[in-house]
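So the structure is just underneath, and the comments pick up after that.
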Amino acid sequence: MPTYTYRHRVRYRECDPMGVVYHGHYLDYFEYARTEALRNAGLPYKELEASGVIMPVVDLRLKFHSPARYDDVLAITTSVPDDVPGVRLTFTYEAHIVPDGRLAATGEVTLCFVDAATGRPRRAPAMVADLFRGYSS
Amino acid sequence: MPTYTYRHRVRYRECDPMGVVYHGHYLDYFEYARTEALRNAGLPYKELEASGVIMPVVDLRLKFHSPARYDDVLAITTSVPDDVPGVRLTFTYEAHIVPDGRLAATGEVTLCFVDAATGRPRRAPAMVADLFRGYSS
Amino acid sequence: MPTYTYRHRVRYRECDPMGVVYHGHYLDYFEYARTEALRNAGLPYKELEASGVIMPVVDLRLKFHSPARYDDVLAITTSVPDDVPGVRLTFTYEAHIVPDGRLAATGEVTLCFVDAATGRPRRAPAMVADLFRGYSS
Amino acid sequence: MPTYTYRHRVRYRECDPMGVVYHGHYLDYFEYARTEALRNAGLPYKELEASGVIMPVVDLRLKFHSPARYDDVLAITTSVPDDVPGVRLTFTYEAHIVPDGRLAATGEVTLCFVDAATGRPRRAPAMVADLFRGYSS
């Protein structure tokens, strides 16, 4: 699955009394970035859910490097391992402030494939596994 | 249904670079206040949903009077009309800053009774109508 | 100031257990739309704040017409009156679901020009008044 | 500083189309829990900011164990190390679902003491250090 860069404009409601992005919003940004990275790879998350698979977040880590401010544009790069995923899939993120390129935040978010009907973890469905096979070589 | 006052402590993430509560959060506060007013009246919203009725918001109005700041406590009073509701029910709110009592915001939020299975509007279910009958006289 | 249409992709975190956009998020969407409408007109809100003027929201009204769902794209049109504003400025919004054009929500949000140093309302600064004069005729 | 348990009722707006708490909201819950743990220890965060010290989040980790649902009550326990902090302070959290006690989420959030005037990291101010000395022995 190819690396993908999503751009997000920092909104007023996302900034706190320190004048910078409140840390929790980076999780939202990373969701947007993940969604668009999957779409770019040909796998809209909506189709995954329609096929009966959901992907709850099970683990995450964020580090904050430099504060982003109101109206800054963040370039958020999403990447995943090359290997075909098993039950879990970890997305890695870097958010840089455009235009000077300062690193704002980095993170890792691990999601689990779950059968929506039973609520049980399961292996990555074929539409995901095939996607990874198509890009590895 | 009796008037009910819910208290909310303003959180850091709810304040913007002006140092005051970002206006959109009052809708969240009013949801919390509505939920607790219904529970206090003996009708947890969760039970309503379990009975197959959902209540989407269809119309709302907010006015902002005085800014609330980080760590302020808001006393939010919820009231409803005395009449047994038909298809819609309007909640009226006043949020005052404790302890000086300054008025922070007021609002009206109208919800509609909808059959969860069909997605169609319907009249207030018996558990709601009875609640109103019990308090009017 | 010209009418401007901003597009927003509905995010997972914005949808509630009914599977539709939680009503409060429309206020966020309207902030994004307002910000981009002002930028498009040549007046980034950030410059306004840098000049010592802030614009708190004082009054708003929303109506919900048809539910938007996860991954829907909303086309949000922002318009303002032709007249040069005094102390207040009202933005009017229409959010349509792309591609079928169903109306999701409409709203009016009124902001007030406030001197950041004194906290007092003031008339629209020249950079705003000129903008309106440039578009009226 | 004593361990403190804060209770939070899960709100409708915090639940996603899977019917469970959207993962990002745990960061909000942990902010509420941290704020009340500090207040309980005699150190309102507001006083810390008034003294010219801010505490941005620099690093965090969350793990999700069992999904919490609408209207569940979460009991969130906050604890800190016994040692007097230097430049950073790590809070550890456990969120259990009341009444059955299932573990919903755990986390660690590290904040940094920063001089608000210069934006530079600094050692924990006396009002914090004294607090820790008072509880260690």
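A, B, C and D label the chains in the order they appear, each numbered from 1.
As a convention for this text, contacts are C-beta pairs under 8 Å (C-beta built on N, C-alpha and C of every residue); 3 or more make two chains touch, one makes a residue touch a chain.
In this text, all values refer to a predicted model and were calculated from it rather than measured experimentally.
Chemist: Would you say B-D or C-D is joined by more C-beta pairs in contact?
Modeler: Between B-D and C-D, contacts are more numerous in B-D.
Chemist: Which one of the chains is farthest from chain B, going by Cα centres?
Modeler: Most distant chain from chain B: A.
Chemist: Could you put a whole-Å number on the gap between the CA centroids of chain A and chain D?
Modeler: One centre to the other, that is 24 Å.
Chemist: What is the distance in Å between the mean C-alpha positions of chain C and chain D?
Modeler: Taking the average C-alpha coordinate of chain C and of chain D, the gap between them is 34 Å.
Chemist: Centroid of chain B to centroid of chain D, CA atoms only: how many Å?
Modeler: Chain centroid spacing, chain B to chain D, equals 28 Å.
Chemist: Return the residues of chain C touching two or more other chains; collapse runs of consecutive numbers into ranges.
Modeler: Within chain C, residues 12-13, 24, 28, 31, 70 contact more than one other chain.
Chemist: For chain C, which residues count as touching chain A in their complex?
Modeler: Contacts found on chain C: 9, 11-13, 28, 31-32, 35, 44-46, 49, 70-71.
Chemist: With touch defined as at the start, can you tell me which chain B residues reach chain A in the complex?
Modeler: Of all residues in chain B, those touching chain A are 12-13, 15-17, 19, 22, 24, 70.
Chemist: Contact residues on chain B for chain C in the complex?
Modeler: Going through chain B, the ones touching chain C are 18, 20, 23-24, 27-28, 31, 54, 56-64, 67.
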